[in-house]
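One structure is given below, represented as structure tokens, and several questions about it will come after.
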Amino acid sequence: MVQLGLVGLGRMGFNMRERLRAAGHEVVGYDRNPEASDAPSLSALVSALSVPRMVWVMVPAGEPTRQTITELRELLDEGDLLIDGGNSRFSDDRVHAELLAEHGIGYLDVGVSGGVWGKDNGYGLMVGGAETDVARAMPIFDALRPEGPREEGFAHAGSVGAGHYAKMVHNGIEYGLMQAYAEGFELLDAAKVVDNVPAVIRAWQRGTVVRSWLLELLVRALEEDPDLDDLEGYVEDSGEGRWTLEEAINNAVPAPVISAALFARFASRQQDSAAMRAVAALREQFGGHAVKKVGE
Amino acid sequence: MVQLGLVGLGRMGFNMRERLRAAGHEVVGYDRNPEASDAPSLSALVSALSVPRMVWVMVPAGEPTRQTITELRELLDEGDLLIDGGNSRFSDDRVHAELLAEHGIGYLDVGVSGGVWGKDNGYGLMVGGAETDVARAMPIFDALRPEGPREEGFAHAGSVGAGHYAKMVHNGIEYGLMQAYAEGFELLDAAKVVDNVPAVIRAWQRGTVVRSWLLELLVRALEEDPDLDDLEGYVEDSGEGRWTLEEAINNAVPAPVISAALFARFASRQQDSAAMRAVAALREQFGGHAVKKVGE
Amino acid sequence: MVQLGLVGLGRMGFNMRERLRAAGHEVVGYDRNPEASDAPSLSALVSALSVPRMVWVMVPAGEPTRQTITELRELLDEGDLLIDGGNSRFSDDRVHAELLAEHGIGYLDVGVSGGVWGKDNGYGLMVGGAETDVARAMPIFDALRPEGPREEGFAHAGSVGAGHYAKMVHNGIEYGLMQAYAEGFELLDAAKVVDNVPAVIRAWQRGTVVRSWLLELLVRALEEDPDLDDLEGYVEDSGEGRWTLEEAINNAVPAPVISAALFARFASRQQDSAAMRAVAALREQFGGHAVKKVGE
Amino acid sequence: MVQLGLVGLGRMGFNMRERLRAAGHEVVGYDRNPEASDAPSLSALVSALSVPRMVWVMVPAGEPTRQTITELRELLDEGDLLIDGGNSRFSDDRVHAELLAEHGIGYLDVGVSGGVWGKDNGYGLMVGGAETDVARAMPIFDALRPEGPREEGFAHAGSVGAGHYAKMVHNGIEYGLMQAYAEGFELLDAAKVVDNVPAVIRAWQRGTVVRSWLLELLVRALEEDPDLDDLEGYVEDSGEGRWTLEEAINNAVPAPVISAALFARFASRQQDSAAMRAVAALREQFGGHAVKKVGE
């Protein structure tokens, strides 16, 4: 059994603390929200851990993660290990690892998949960093990952950054998968050839080529709301899809499906599209085609 | 100077009659709207023409064209020539040509481009049919096409159906061109790096690689409404884009740009997207991600 | 236990006969290949069945299915039931059902998913047709579908055609899913940030959002050939992807992911692309950009 | 008449010197290639100019431009003006402007369109920077831009960076336009419905909606090589397309056409696609579908 400091007890971190404790590990958690927090401050959390320490950071990517790591750099000691399990961009990892290496602190980046289901099902883990650091954190990884063979829910993907890179691509794929199901759903919904769309999608769960965990979630959603009409077709994107596309561009890899999925989200958030106003304007100009004027 | 019967005096047909008369040809027009019509009925129009007759049909594609041709088949005589200048699907042309051939009536299909500007600028013409029929109608084609070398505004594209096929592909390309300009416009509009977007687009009219007639129309539209915000981003599609994509599928030709342009139009007409409701539902299921509920 | 005539003992039909017999049903199979066939001819097969008969047709879509159904129409009697389990276009089903209804023969269309794994795992089934015909064939469906709740591997999707329609959309989704994984794989492969790409993909099998049966198959493929370089990037398409896209067009449903996946297959089969020759030619024309001449 | 130093006498710079001299301006050119160069060195060029100097840099984007500007910063004096007319990324402009401002040197960024045709037709110009600097360089801009109203071939797009931003979007649009024509060409070529594809495309030059300068170039290319089969379908990309897509991502602007055009170029350069090997592998795994093995 090992001891872990865990910074960030939001939706993900909170559940991870539960899963780790259930596995018998000692977790000291810190969160700005005092109700969730075990320690009153970051420095108190660090003081509560025996050296060499292991601290898992689970806060939003970007500035929050950067700040937390910068603070921890001052609090931790040589020989300690910091693990970033948030959704950081892989390019941040090199910066973070160097910042910490100057103080002799080790660094691992971990892509964590599984969402709110991870507490019970376990989390898929993709790790970047040095072999010795990975070995040291392995009891934690083994407690977080799903039951079953380690290599089916955990990978040491490569050196620093590789964990978040693997997670980034995972999420890019996820965008494409979701959009594929979504287009199929919309076609079934629009065509009115199939009488009971939720029943057909439910029947895809066994034996078919498209069966997947996402499909099971779609079945759940349709059970709660058969036409999905309690929801608006408005979809955020959290960064990894954009980064995946940027990396596709950087590596000259065609990514038509992932980009289409990302653009569909962008479009879903537009009340009106400047591009389509331009197309409407052109049609009006050359053909006298009817257009919709605002307010009509 | 030749004599032509012209059936259908809408936006296109009306202007074409003007242009033909301005060139000195005799045009007897028929339209269901008596104010525009020269002849009180289709049979009166046919009676008013000297044999062998030449009748140009310029009515909406599909059922209206089919009906008009079916009626004319009974009214015309062996040796007459019928020209379909509407936006018919190329596959209809074979049917129409056979219907007419049974009565000894010739058939040409003509794709006509140019919109409301054609009256003054001339119309781009793509013709399918037999060489002798094309030769017979050439005075009409020469009057309708733009000034300049005949081969720059007119083509005998092939046998029956080839004219509408060429026009269909022309329109598929047009969809792609419009969407390309539209995406660039939206990016300039959104990024706020360029201060005066209409001025930049106006400056693309001379010397640049993207200069075109469509660009000139966009400049005109922006002069009238610099943000294009009198319009809604709602765009109809008239058939040729769909047919082009179907033909791309039939010929295993990748058409990512033309399909993207068509789908952008479909999406522009949706108040809400069932597909994006499904993506939102999936994100809520696996990640507890916030979604927009209807009415919130 | 029921009796079934099964026409077509190829990759799918052969395995289905095995699965049905293992479940205790009596199957009389016919195939043009005498080694696989139980009956020497189609009429012998029909004669071998007790009335009212049930015959499952499992031959290639299009002409072969049409011919088989036409022949069976003459051999079967009023009250018999014909089931088309092949990959027919849903629009064929209405034709087939009418052909058979004229002779009092019932008709069901069944979309069957599961590939070569269906013999052991069971097949996902989507059925179109009348309730009474579905009920009559249910023992067969129950034997073919996977273990578990019936509604998770079987759906009565609607009236005639709905089964194949559901299967068509299933396959369109499948195209999108495969392409999403494929783009992710190519990016991981090209970026060289992750050291062991197959290990990362293997680790996605448990706990992650992208886990699916297709992912498991990708893991299997990578175990056999870690760079997939025994294969050429050449991918056929079998029809359902095209039909799905045609239906998306007909219903004005944006399908950017499914179309991208289909076009990627088209492009994969081209030695050289006329479109890209045109782009190269344009760049050479305006910019004097270097191009590749054939033979260089 | 004004005096201009011009650094970089490649395909673009060489022609621009000609055009400027033809307009009566004094141009001192420098190029690493002594045959093209007027001055033996960059410092000799600077010495040859009267103060306050105006120097136009026309070298490849990225490192070459950065180096040239860094060197010129040491050679120029307060009050001089440096103009970057290359294809720099707009984000470089802010860096360059600041570097120069520290020495009191002014900076303009100019996007230049028109390719090898610019010498005779004039160049489309999009300029970013301060109003006073723009006014000072206006005689040069007026000589370089096409005949006709200034605002149809020239725009002061905004502050530093806006010129290259406008040019970047121009090129993104250009990618989309070219791909739209290319897809249409490929479909006409593949479908074999139109007998004479080059004749049809030639006929689109007058009166049609798709007429453009790029279309005229396509006509020229087809006149030289009617099937474009002297070329390979292999297309480079020079940066602006990628940057446009990155900016679309940054601004959450859907850009399906521009991305499709970029990805088509990426794919055109692949001998074989890892993604499509993955799709082939999946089809083999689930369906036993035939695949192409390397060497078969």
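Note that the chains take the letters A, B, C and D in the order they are written out, and that residue 1 is the start of every chain.
Note that in this section contacts are C-beta pairs under 8 Å (C-beta built on N, C-alpha and C of every residue); 3 or more make two chains touch, one makes a residue touch a chain.
Everything numeric here is computed off the predicted structure, so don't read it as measured data.
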**Fill in**
The chains touching both subunit C and subunit D are A, B
**Reference interface C-D: repeating pair among B-C, A-B or A-C with over half of contacts shared** = A-B
**Prompt:** When the C-alpha atoms of subunit A and subunit B are each averaged to a single point, how far apart are the two points in Å?
**Reply:** 46
**Prompt:** What is the distance, in whole Å, between the centres of subunit B and subunit D, each centre taken as the mean of its C-alpha atoms?
**Reply:** 33
**Message:** Roughly how far is subunit A from subunit D, centre to centre by C-alpha average, rounded to an integer in Å?
**Reply:** 38
**Complete:** In subunit D, the residues touching two or more other chains are 115, 179, 181, 183, 186, 190, 209, 214, 250, 252-256, 260, 263-264, 267, 273, 275, 286
**Message:** Which residues of subunit D touch subunit B once you look at their complex with the stated criterion?
**Reply:** 90, 113-115, 118, 121-126, 145-148, 151-159, 161-162, 165-166, 169-177, 179-181, 183-184, 186-188, 190-191, 193-196, 199-200, 202-215, 244, 247-248, 250-258, 260-261, 263-264
**Fill in**
As the complex stands, subunit D meets subunit C at residues 11, 115-117, 178-179, 181-183, 185-186, 189-190, 214, 217-218, 220-222, 225, 228-236, 256, 260, 264-265, 267-268, 270, 272-294
**Item:** Residue ranges of subunit C touching subunit B (in the complex, touch as defined)
**Value:** 209, 242, 245-246, 249-250, 252-256, 259-260, 262-264, 266-267, 269-270, 273, 275, 286
